[in-house]
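One chain, chain A, links the two complexes that follow: it is found with chain B in the first and with chain C in the second.
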Partner chain A sequence: MPGNPSPDAEQLLKALIEQMRPAVAPETGLIGIHTGGVWVAERLHQALKPAIPFAALDVSYYRDDYEARGLRRDVKRSEIPFEVEGRDLILVDDVLYTGRTIRAALNELFDYGRPASVRLATLVDRGGRQLPIAAQFVGARVDVEPSISIDLTRGVDGRLAFVLNRRAS
Partner chain B sequence: MPGNPSPDAEQLLKALIEQMRPAVAPETGLIGIHTGGVWVAERLHQALKPAIPFAALDVSYYRDDYEARGLRRDVKRSEIPFEVEGRDLILVDDVLYTGRTIRAALNELFDYGRPASVRLATLVDRGGRQLPIAAQFVGARVDVEPSISIDLTRGVDGRLAFVLNRRAS
Partner chain C sequence: MWLNPSNPQLDRKGQLHHLLTLEGLPAEILWQILDTAKSFVGVKVKKVPLLRGRSVFNVFFEPSTRTRTTFEIAAKRLSADVINLNVAVSSQSKGESLLDTVDNLSAMHADMFVVRHGESGAPHFIARHVAPDIHVINAGDGRHSHPTQGLLDMYTIRHYKKDFSNLRVAIVGDVLHSRVARSQIHALTTLGCPEIRVIGPKTLLPAHVEQLGVQVYHDMRQGLKDVDVVTMLRLQNERMQGSLLPSAQEFYKYYGLTDDKLAVAKSDAIVLHPGPMNRGVEIDSSVADGKQSVILPQVTFGIAIRMAVMSIMAGNK
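Let's turn to the complex of A and B:
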């Protein structure tokens, strides 16, 4: 997109890691939202080294537009390999937009147990919120038109990169 | 509480009204959370005059600590006298604290329909969030110890006032 350079995902990841370093204790649970959020959570886990493994959450079943979207072919079952009840959690996503995915993720998490706290980390906050959701840890706030989607990709070398796409109308 | 004066509820209400005036369209739904949020929503409705009536929400059944708290005697059934589906809504509460009440309110709202958007207005934000929830409209941010509760009262003249109480331990 001319005049609209993609945010540098690797650089934003570094910024996010520095923000989160003081906030991640050994028992903090990192939970990535499928797909891009899982990639980010994996990298955060490598850098911040909490004692427990990171988890992946697929919120497809919990989204409020589930009936309209139907079920993707690649939907994953969520696996949380640690106790959610009473734990401090950090939900991780690649792009924060309307907030509907985060509401769905919270509902799925609470089906596993009642966490002590849930904070939210995102590589990019693109505004456009439709629910009163906010992230505590943000790589960068970016301003893009509603017609543009910001998608995270992962190369064969594991490096993360954002691409901007014009939405199919 | 010496050294900890109560926030002036009527003054904060004025501040909130001025913030919200540009954001409330005739079809915007104002939804107060029982009990204090309903009083605030009623006053906002009088001042901002949206075309549709305000609604009251009792989230007791939806709270994540419902089993621990049991059901209060004075629990009210929620009544939303307008269509939620596709509407811009503003949830109204008196005090924003952990965010758990707001999550419960969102879940109850979505049982009525899928709103176009939900924003959050609160007279006071006292920090201490345990969920990634934020208010768009805030009368004031106040800093009080966790051992203090901030409770809204309504006098016989209809005036709102905050009182600070030490929590029973």
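Let's turn to the complex of A and C:
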């Protein structure tokens, strides 16, 4: 969009990795939220090398807009390859906005068990929260109009990039 | 909610509103159901909250254990409230009409009816008369259709064979009485399966069955040659009228699936059966329990398929 340069996702990822380095222990569970959050979690996992694999969460069954919008077409299966009970977890998403996705993710996580703690990491925080949710690790805060969506893409080379799109109203 | 006049299963946006038959259901919706079911297979949590606060009424005018139970499990895993009504032994036997039964159930604030009925077309009839926000799923009507069984068969075939575009599928036995066979033929055709065979004695194949685009065989060994998938149908003793068959023993001799008959199919062919099985009538125990049998996985996939259908429909407002 004119006047709104896309944030550099690879640059933000580096910043995020450095912020998180002291917080990620070998047994910390990284949990990416489909789809963009999983890409970010995968890269964080490569860089921070916790001893356990990263998890992928699809929160479609827990979304609060199911009544209004139905089930998304391309639901993925949530894969959590470690025990949630008693573990320190970090939820990972690409863009933090209203906080509703994170609410759904927390509900789903607690169906798996009672974690010791849950923190939140996001590449971009665009404000606009509708729920009392905050991220502990943030690549950057950006200010964009509500009519613009910030979408993460992944190239064939694996590089992450943000694109700004005007929302279909 | 306005239903699509050309296909009463779909709403005006072309989304699934009722599931009555697989005939005429667009491929896109079949793939959507299969993909969604895949996300439900192996879900580790016991329940997901999608249908919380909704009431699913299992209305069975005809006895069934497996289908009713799998619908019940599916609805409960979606957090719905499930009410099981065995209408065959209550209202109907007291003389209540089908519409009165449905009106009474609607007045109990049902969100979804899962209907099994001995008469072909009964679920269509109910779907036409319920309030517009109620969804109806056909759980088997007469000889007509059993769409969730057809879908779980498609799921099973896709799971083992990945792709429909190179498959040779044989459907064997009592095709005449089988709503499962019709549902399979429609779904396989829509999903692009190039060769569907039906195998059985003339008395148990519908007249002009080849007009459905299938090849007809009366000899088991010819029909099974080089097939990838074998679906055995149950011999429906309760629907037999008159003398369609000399005896179950003779049927077994010619059309029962034994190891030596299965040997003419491809070596990696899979064997499906909708259940309940008549061992020693349409299928030999050594095949039913053998390594090519996928009969028990079918039951597991059936729950995921029913979860997918219910959660897609309930989300389509």
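A few points about this structure:
Here is the rule we go by: the second predicted complex is superposed on the first by the 169 of 169 C-alpha atoms of A that agree within 3 Å, B and C clash if a C-alpha of one lies under 4 Å from a C-alpha of the other, contacts with A are read in each partner's own complex, and residues count from 1 in each chain.
Keep this in mind: a residue touches a chain if its C-beta (ideal position, glycine included) is under 8 Å from a C-beta of that chain, and two chains touch if they have at least 3 such contacts.
Nothing here was measured: the structure is a model prediction, and the numbers come from that model.
In the superposition on chain A, A:Tyr62 makes contact with chain C only, not with chain B. In the superposition on chain A, contact is made by A:Ser78 with chain C only, not with chain B.
Once chain A of one complex is fitted onto chain A of the other, the partner contacts of A:Val118 are limited to chain B, with no touch recorded for chain C.
Applying the stated contact rule after C-alpha superposition, one finds that A:Asn107 touches each of chain B and chain C. Contacts of A:Leu91 after superposition on the shared chain: chain B is touched, whereas chain C is not. Legend: residue contacts after superposition of the two complexes on their common chain; A:Leu131 is shown touching chain B, with no touch to chain C. When both complexes are aligned on chain A by C-alpha atoms, chain A residues 107 touch chain B in the first and chain C in the second.
Remark: chain C residues 15, 32, 35-36, 38-39, 41-50, 311-312, 315-317 touch chain A in the complex.
Contact residues on chain A toward chain C in their complex (touch as defined above): 58, 60-62, 66-71, 73-78, 80, 107-108, 111-112.
Per the touch definition, chain B reaches chain A in the complex via residues 64-65, 91, 102-103, 106-107, 110, 114, 116-120, 129-136.
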